[in-house]
Structures are given as C-alpha cells and as structure tokens.
Amino acid sequence: MSFLTIEDIRYGYGTGRFVLDHLSFKMEKGKFHSLLGKSGCGKTTLLKLACGLIQPEQGSIRLNGKEVTKPLSESGFVFQSPTLLEWKTVIDNVLLPVSLKRKITNEDREYAEMLLSLMGIESYMSSFPGELSGGQQSRVAVARGLIQKPALLFMDEPFAALDAITREDLQEDLLRLCEMQQTTVLFITHDIAEAVFLSDFISVMDEGEIILEQRIDLAKPRNAETRYGHPLNEISLKIRRAISGGLR
Amino acid sequence: MRKIPIYSFLLFLILLLLWEWTARGMSELVLPAPSVIGETLYSGLISGYFNAHIVQTSVEVLIGLLLGSLLGILFGILMGEFESLRKLLFPYVIASQAVPKLALAPLFILWFGFGMTSKIIITTLICFFPLLENTVTAIQYTDHKKLELFRVLGASRWQTLLQLKLPAGLPGIMAGFRVASVLAVVGAVVGEFIGGSQGLGALIIASQGMMDTPLMFSVLILLTALGTFLYFIIELIEKRVLKPYVKEKKR
Amino acid sequence: GTNQEQQTSEPQEEKEPTQETIRVASWSQPITEQTNLLVDEDKKFFSEHGLDMEFIPGAGGGDAIKNILSGQADIAFTDPGSLLFALDKGEKLKVIYNIYPQNVFNVVSLKEKNMTKPEDLKGKTIGVYSLSSGTRQNLLVLLHQAGLTENDVEIVETGLLNFAPLMQGQVDATAATDTGLLMAKEKGLGDVNVINVKDALNIPSDVFVVTEEVFNEKKDVLQTFLQAYQNSAEWMINEPEEAASLAVEYAIDGKEEKRNFEIIRLRNLSSQSELTKEKGLGALDAEIFQQAADTYHSLGLIENTLNMSEVVEEDFVPNKQ
Amino acid sequence: MRKIPIYSFLLFLILLLLWEWTARGMSELVLPAPSVIGETLYSGLISGYFNAHIVQTSVEVLIGLLLGSLLGILFGILMGEFESLRKLLFPYVIASQAVPKLALAPLFILWFGFGMTSKIIITTLICFFPLLENTVTAIQYTDHKKLELFRVLGASRWQTLLQLKLPAGLPGIMAGFRVASVLAVVGAVVGEFIGGSQGLGALIIASQGMMDTPLMFSVLILLTALGTFLYFIIELIEKRVLKPYVKEKKR
Amino acid sequence: MSFLTIEDIRYGYGTGRFVLDHLSFKMEKGKFHSLLGKSGCGKTTLLKLACGLIQPEQGSIRLNGKEVTKPLSESGFVFQSPTLLEWKTVIDNVLLPVSLKRKITNEDREYAEMLLSLMGIESYMSSFPGELSGGQQSRVAVARGLIQKPALLFMDEPFAALDAITREDLQEDLLRLCEMQQTTVLFITHDIAEAVFLSDFISVMDEGEIILEQRIDLAKPRNAETRYGHPLNEISLKIRRAISGGLR
C-alpha cells in the first residue's frame, strides 16, 4: 500500500510551459525515496507538489487516500537554500518549527542541541546565521528539518554544500534517525552514490518525466562497507546512464 | 571621522553667525538675531515660563505618537495582509491625510472639546500615515523563500506576521516611525494652534498675536529640540532592536 | 520719489509713462469688504493716479506689519492692536489713514441668556477666534471698560467657526465682528443679544500704517495713494450695488452678490464717523489712539507707554473738498 | 474578491447616509449634510468657480512634489552613503520638519515672495522628509552579499548606488513617495493658508471667514480627490517599475 | 615564480577566534588551484582574502609582488551562493561585470549568449532569476564569472548545485576555457574527484591551516579517460584521507 500517491499531475509556473506533465509517483510508508535528474528537470517542483506547498493544475496528490491541499505541517522540510531567519540565533532557528506549534520545552531544547552536535555545529548554537559558513548554514537547515521527528521528511539537496567526510557522517546519521523513527523520506540529491546508499527507491527524472524507477535492495544497516561495495557501484552506474541517457 | 563633532559645531557656528549678521539688518519682528532669541529662550527656561507648555506638548506628542504608531502598524498590517481591506479603506485613509487638519480644527473642537483630546487626535492622525505605508510595503515585500518556509511549517497567518513579516520588515517600519516621530511634533503644535491655551503651539500663536517674534523663535527651537530628542530615542531603540540585522546586512 | 505724482492728481490723465508701484500688505486675502482696493482693473482708482497698486495678502494684522517692516510692502492695511504691539517692540511706524473709524467688534450671546451689558459677561464662558486674534483683544478692552478682567470670565478658543459652539451651547457668548455676526445670522443663528465694543471704546478697526522710512521717502506717493483710496472708498459708499457685483469677480469670498452687498454696507458704515463727515474719509484723531494705547498698557498687553501723537500723522489724509 | 467594488460602494453609501442623518440634526455651520455639500461642489464645478483654485494648487503640489522627492532622494542618498554627512545635517533636517511651516510664514514671504514660490517651497519641505528617511533606510539595509558582489566587480560607489542600492531599495523608496504625494497636498494648502489669494487653501480660509462650511467641505473633497489621484498615479508607476520584484517576492 | 603569494596571514571575523592563523599560500600563473577541506574550515575566508574582498589582520597578500588592498576587478568571481539581481534578466545578470566597466557591445552579448549555451541555459536568457531552478541560477553565476575572460578566476563551489552529468560537462568546458585563456584559478569544491580532475595544485585545509599541498601531474588535455583512470582515484584517496585525517 502506498502512503503518498501522486497521480497524473500537471504543473507550470504560469509561463506557458508545463514543468511537469502527466507525472505519477508513489511513496511507500517508512521508505527512503530519492529523486535524481539533471538540473532544471523539475525535482524541486515535484517535491513542492508532494509536500503540498503548491497545487497541481491537474491530477491528484493523496496522502493515505486523503487529498493534500496544504503543506503537511507535521512533516519535516529542508529546502534547496538554507533560508534561515537572520534575526534568530542558530538554536532558535532550529526550534522554529516547534515554536510555531507550542511552547518550547527543555526536551525540545535538548533535542535541538543533540541535532546540532550531530551536525557538528553545537558550538555555533548562539551564533546568528550570518556568522556561519555556507555548509554550516545548510546543516542548521537540516537540523531544523529534523527537529519535529517528522513521519514524513522532504529534503532538497540538503548536503550539497558539505565536504565528502561530513556528508558521509551525516548520511549515516540520517539513515539511523529515519530507521529509528520509521520516517518516510523524499530526498533530492545530485550525488548518485549518496542516493543509492540512502534509498530504498530511486526515481530518475528528465524534463518533467520520471524515466527510471529503481528499487535498491542493498542490505541494512548500510555502512562504509556498503558504500564502497560493488553492488552500490553497479547500481550507481545504471542510474548514471539513465540520467545521461536522458540527454536528448 | 572623529572630527565630525568639530565640523558639526563649526557649521553650526557659521550658520549662527550668518543668521546674526542677516538679522542685524532686519527688524526684530521679522527675523530676530540668535543672540536675542538665546536670551529669550534662556530667561524663559530659567524662569520656568516654558515648563508647563513643554510638558503639555510633550504629553500630546507622546500619546499621539504612541496611538498613531500603533494604529498605523495595525492598519498597515490589516491593509498589507488583506488586499481587499486595502482597496476598501484607502480612499478614507487618503482623505484623512490630504485634508489639512487645520481646516478641520474647528470641527475637532466641536467633536472632542477644547481639551487635550482633539490635539492628541490630530497628532495621531498625522503620525499614522507614514507607519501605515511603510508597514504595508514591509509586509508585501517579504522574501518569498521565507514565506514558503512558514507556509510549509504550517504557521498561521498571525504567526507568519509576528515572526516573519514584521521582524523582516522592521527596518522599513522603523523608518516610518522616525518620520512619524517628527511629524508628531508638528501635529501637536497644529492642534494647539486652534483652541489651546497651553502648549508650545498655543505659545506660538500667542507670540504671533503679540508680535513677539523672539519668543516665537524660542518656541521653534524648543520644538526642534523635542523633535530631535524623539528622533534620537527612536534611533537608539532601532540600534538595539535591529542589531541582528545589522550583523547580517551592514558591515 | 519724483514729482510726477503731483501732476497725476488730475483724474483725466491717461496712462502715465512711468508708473509708481505701491504695495499694500493687507491683514487678509482679497475679500469682499476690501472690494474698493481690488477693482483697479475695472475702476482705475489707482492707475488713473499713475499708481501700480499691488495687493499683498496676509494672515492677520501682524503679517501686514511684518511685510512692511521687511520691505515686502509699502503700506500696511492693519488693525490698531497689531500696530500697538509693533510700536511696543520699538518699531518706528506712522499711521496715515483711518480706514474704519468704527470698532466693528462685538460680543454675541443667545437671547435666552439675557446678556445685554458688559457686566453680564462676568463668570461666563466666552469664545474667541484664537489667543492672538482681535476678538480677544477687543473682548479684553470691553471687559476693562466695565471694570472686569480676564480672570472674571473663561475665554476659550473656538477657531474661525466661532458661532458654532455658541449655537451648540458650548460657550455662553462669543466675541466676533459685525460681518461675522451677519454670516452667522445667514446660517441660522437665532435671536441674539449683541454688545458692541464701540459703545465702550471706539477704537478704529483698521488703519493704513507705514514705516517712518517710507513715510519720509515716499510722501508724494503715499498722498497720491491715500487720495486714490479715498476716492475708491467714496465710490463704494455711493455705489454699493456695483461694488457688490464686482466683488463676485475680484474677491475670493465674493460668491454671492446679495451677501457681498450686505458686507459692503456694513463696511461702508464703519468707514464713516462724525469726524469723517466733517473732515472727509480717513480722518484721524490721535486722541482715540492714545486711549487705545493706554488701555492696552493697563491691560498688560503692551509694556511701554506710547505717545500716539508722534505716531498718528493726520496731515496725509486728503481733506474734504 | 470580485465583489470588492460593490462592498466599497456600499460602505461609502452607508457612511454617507450616516453623515446625512447626523447632519440633519445639526446646524449647517457645524456639519453640513453631504447633500448640501454635493450641491455646492457640483454648482462650483459647473460654474468653473473652482477651476483657477484647483489649477493653482495642483501646480504647486506637482512642482513641490517633484522638487521634494528629488531632494529627498538626493539627500537620502548622500546621508545614507556618508555617515558623517548624516550626523552633520540631521539636526537641520529635523528642524526643517519639526518647525510648523505656518509659523514661518513671514519669513517665507520675505525670502520667496508671496507668490507661488513660497508655497512650492513649503510643499517641497514637507514632501522631502519621508523620502529622505526611506531612502536612507533602503540604502543602509542593502543585502551584504550583493554588496560584496559589487565590491568585487570593482563597481564605483556611484554604480553600486545606481545599480544596486537604489533598485534594491525601490519598494521602500516608493512607500516614501506615496506618503510624500499625499503630504504634498497638505503642504501646498498650508502654504496657501499664509496669505494666498488663490488656491484651494486660500479658499478654505475664505470659506471659514464666510462661515460657508459647505464650501469648505467641498474644497476638502477636492483636496481628497487630488490626493487620491496622485496616490493612484504613483501606485500605477510603482506597479510598472516594481514588476520584476513582484515576480520574485510576491506570489 | 609565483603569481599570487599569501604570507603568514591572520584573519578573524571579530568574534575573538581567528579563522585563519599563520597561513601561507601560493598560486602560480596559469595554473588551476583547488581548495578542499571540511565545511567551516576557512576555505571561503581564504578565497575572500586572496581576491582582496577582505583584508588580513596580519601578513601580506601580493599579486606580482604588489600588495592587494582591494578586489582585483579584472578577475572573475563565483560566490558560494549565486547572488543574482532579481530585477535583471539572466543575460543582463551575466553582462553585469562588463556593464560596470564600459558600454556593452554586440560582441559582449554574443559571448554572454555563448557562455549561457555552454551552461545549457540559453533558453532562459530573458527570464528573471526568480524563474530559474537552483542549479540554473548557479550556472548563471558561473557565466557571469567568466564573462570578462578573466586572467584570474575565483570560484567557490560553483558546481555544487548541479547533477553529475552537467557537472562533468561544465568541468571540461571550464578546463578548456582556462587553458585557452591561460587563466589562473582558485577553486573551492567538496568533490574530491572534481578537484583532482581539474587541478594542477590541490591544497587541503583544516581548521584554518593548510595541511596538505598536492601537485597533480595528470596528463593534459584531461578527458573522460582521465576521470575514470586509476591515477585519479589514487590521488583522490590520498586527499580524502587527508581531509578525514584532519578530523581531530
């Protein structure tokens, strides 16, 4: 049974051209889904549609059979750009989603600090976003996306601004967290190996269409071994070919 | 850069001398010399002659500024949030601004009496507009990425307003506040022009009636001091409130 | 000045090659009651004397005096109150013509209040235009003559629409002028009692004032001007209907001819007195100005005692033919 | 949303009726009924009685607004760019604003004559301030990343101003412009209060002298119309100029 | 002979902590230099110092022996975030550096169009930045950085928001352009393979220090073969170890 179903949707930004057309997509509960594809192919658009931020012109988006018409606020989000509030400290930025729901408890604060130290930026807790490096800002955004222990998590290139090492650490942390909390994830990335390492399902897009759906059956828990193992490489190559094959 | 106070003082001195020199060749009734004004001002301050007037006007200015700013921000929020409300109300807002208060003064007196109320209302009306416009603009030009963030976090309209639009628009709103603070002084004085027996505006009228131009200029100087003081206070508040912005945006 | 003005006293003379400019600073905008001053284009009272008369509007008698002090104008059309204040400040001024020898100020109350004499004002609330206005000064003069002071009444400022609070009952009486009363009656003011200030002290309402400097340097022009003004005032007295209809075009408040006529009638009355009947329009009497100065002094409105015989210059007024 | 014009009209009608009803129980002197005002307005417009006054005031407003806005932006730029200049000049700017123009009338007449010039100068002075403050703010809060970009591209101060700070601050500057446009109307009218023989302000004084409140209210309505017209024009300009911003920021 | 020399510099953002301390660095004329290192280690800071955008508290930065005190405006820059002007069209954004120097000629326009089509976004020429996807925006920024055919080019993670395929295309285009124009490049990236593929020299930073300087001697012109060849992989591994070894 699929959790989130996108059926035959169409979307354009009012420019006459449809960015997505006749696109269908499914997400299974508790699974990790990745979207890959050339820059500008419509990944971000699809993610925004899936999370209810924008509405399709045609077709339907259903969560557990119920039409999605507005953002599912119990989900977690990490946008392509960090989008932090400059006038709040790092920890307050992380706690923002909670503070919009209810009073912040000590537990929330502790969890936020835990996430920040997972992200390796616990020492910047009281800094303002303007005082952070690009990668540090994007890690604050990731912590903010995770603060609510969401059942549904949308992430748009969350690790793009990070070095390989930090990135791998965070991938493993993310996988652990998601497994623990049975999170359903929609993840956009340009790093094919990252997608394969993390995902249960990978969809490759091209010019507004999904041109490949790939199930990843690598054993869990995944670790450094998985990462440099042959199976991962093979799948990576296949996906890579799909992406570049999409080159028309 | 450290020499600014000196230059500032020099400029002031030069202007003063120029004024003194111009005034020498003129009737005191038209343009009194700064020395004469200084004397009047000094003796008035020493003798306590100005005190009651200063207090009265300051109270009107402060209450009017407070009310006007609150209303201005409130209506700015409403009219910024609800396009329809904006269309509905803006003719009345413009009417309230384009109509000279001085012309309505007799009516204000009829409606609100001779006391402080009518002056405060005039001040309120005058302060209101710059804050309204700046708030509307601040609210309408919020960064759309941050708006998306708040939408996605399920923030209510109210939360988006309080935690995003207003803080993000604070610099613009504070600019409106600075304008309002100085206009408030004019508002109170204009209110006192008609039907006030106390206050710096009433003193201006009285001094004009007696053709005591040095007294009038003393009052004008007091008004400038009041305006500068308010402006200065608001700048101080601004510097504190806007610190995080400055961190990010100024260097 | 040149001697050319002398020759221009013959009214028939057509356009002079050189016109003398004379700037008159008024206490008001160009209004109906000053129609005679405004209709030069039609009636040529001034241009036939070789004068290029320029009307400078103002907002109050003080403005008029400031405008002559600053050299913006030659002659001020102003009230004696403003004159006295300026003299008190040490300015050297001359009064050269009595425009309205009658005091036009009054205190108006509703009939049912039964206030008929100045003494009845005691303890009452009285409206004035503003603290700087002639209404207040004249009210004080009236009270003074009745042995009362400012402290015996409550004076409130009501702005220009001073009859409204009277009708609404917010004040017991209001200080006004004859024309103000006229308009208010037109607007439905019911039966009222009027206490006229002229019955207490008949200080003239408006005079022509010049600085000593102009007085000394432009004698001829001034005399020519006064002659022309006198002619115009006589015309307004003799032809009020014509003046009323011209006011429609020339006066900013001359919208209705009928009302113009009423205003002009009132001003014509205040232009004339026993003295003017004898000596001609504009005749000055230093004595009444001295009384005014003394009253202002004892009221504390001015600080110095003034010698008005030095100020009032009767000689410039054109004599009755 | 499409029903706004209807609601707007209904609100207007209700207010009008309320006014008519209140005015019925009152002397015309205190509050004339809209029907009476309408008549006066209509006949005055038909007969051409208002024409010269409207033209006079409009010309003053337009020239004053133009000058005031230019000066406001200019000084806003200077004071925004040069902190020192800001410190040097701001007392004078505040003085020019906190002092009621009405009190300075004789000086204005002395310096600029009693013709249109002094009215234009008063209007200019009044328009000047909101634009100044909003421009200063707009200039000071430019996004520092974009500033870095321009620095790195070797842009001159002038280029950074013209191509970055001003365009980026345009929404705020336009808000100041909207405020200024309405204040300009008040400015011109106040200018005419002090000894003008033509213009809507002079007409207000005259109508007060005549105790012709319906006439006064007619003039106030004309002033509101003038203000609304200006505001509307500026909104139109704004919509055109700010199109790219709206694309990015509003949705 | 080195072209740009950074000697013993120290820099802090006024927070009490020095981000860079006693750092020295050299760039050779016409060579491609990459900076790698964990997020927050000071790469962007070093690049800003090198290009003259900020001044060190101590030490010296010299270009051809002459002290650098302000940005070298004849250079090209690509910042970590695209930083486009929302009110200008894509092509005008690309032409901005030129328009600040002189009137734009037809040649400039043609070159800008050429760069945009190299970036694969020629069809968005007249769009506004707000209408582009994240990766498209970053490509506009790259085109803007190249428009002046700079002798000196500074790039801060220019390809981070791009998919693998586009990225590889652009890498090759960039290499070709730089070789043609004899450009000296300082390039920041998190992609180790990318750095190795592109560079003549790689410096690895950690906590404000340069902990490894590596010369890359791979044959030129470099192509797909280089990319998947053994030598590249080996160097990559070494650098990778350096970065993670920096983990203290």
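Order as written gives the chain letters A, B, C, D and E; numbering starts at 1 within each chain.
Note that in this section a residue touches a chain if its C-beta (ideal position, glycine included) is under 8 Å from a C-beta of that chain, and two chains touch if they have at least 3 such contacts.
From a predicted model like this one, the values you see are computed outputs, not experimental measurements.
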Centroid-based (C-alpha) most distant chain relative to chain E: C
Among all chain pairs, the one with the most C-beta contacts: B-D
Chain centre separation in whole Å, for chain C relative to chain A (CA means): 86
Between chain C and chain D, centroid-to-centroid distance (C-alpha), Å: 37
CA centroid of chain B to CA centroid of chain D, Å: 16
Interchain centroid distance [CA atoms averaged], chain D/chain E, Å: 50
Shared-contact residues (touching 2 or more other chains) in chain E: 81, 130-131
Residues of chain B engaged with two or more neighbouring chains: 30-31, 106-107, 110, 144, 193, 208, 245, 248-249
Multi-chain contact sites of chain C, meaning residues that touch two or more partners: 62, 66, 70, 159-161, 164, 168
Chain pairs that touch, as defined at the top of this document: A-B, A-E, B-C, B-D, C-D, D-E
Of chain B, residues touching chain D in the complex: 1, 4, 7-8, 11-12, 30-31, 83-84, 87-88, 90-91, 94-95, 97-100, 102-104, 106-107, 110, 129-130, 133-134, 136-137, 140-144, 147, 171-172, 174-176, 178-179, 182-183, 185-186, 189-190, 193, 201, 204, 208, 216, 220, 223-224, 226-228, 231, 245, 248-251
Residue ranges of chain A in contact with chain E within the complex: 13, 15, 36-40, 44, 80-81, 121, 131-136, 139, 156-157, 160-167, 190-192, 240, 243-244, 247
Chain B contact footprint on chain C (complex, rising order): 60, 62, 65-66, 69-70, 82, 85-86, 89-91, 130-133, 136-137, 155-161, 164-165, 168, 170, 301
Interface residues, chain B side, partner chain A - complex: 145-146, 148-156, 159, 163-164, 167-168, 244-245, 247-249
Chain C-facing residues of chain D, complex: 27-30, 49, 105-106, 109-110, 113-114, 193-198, 202-203, 205-213, 215
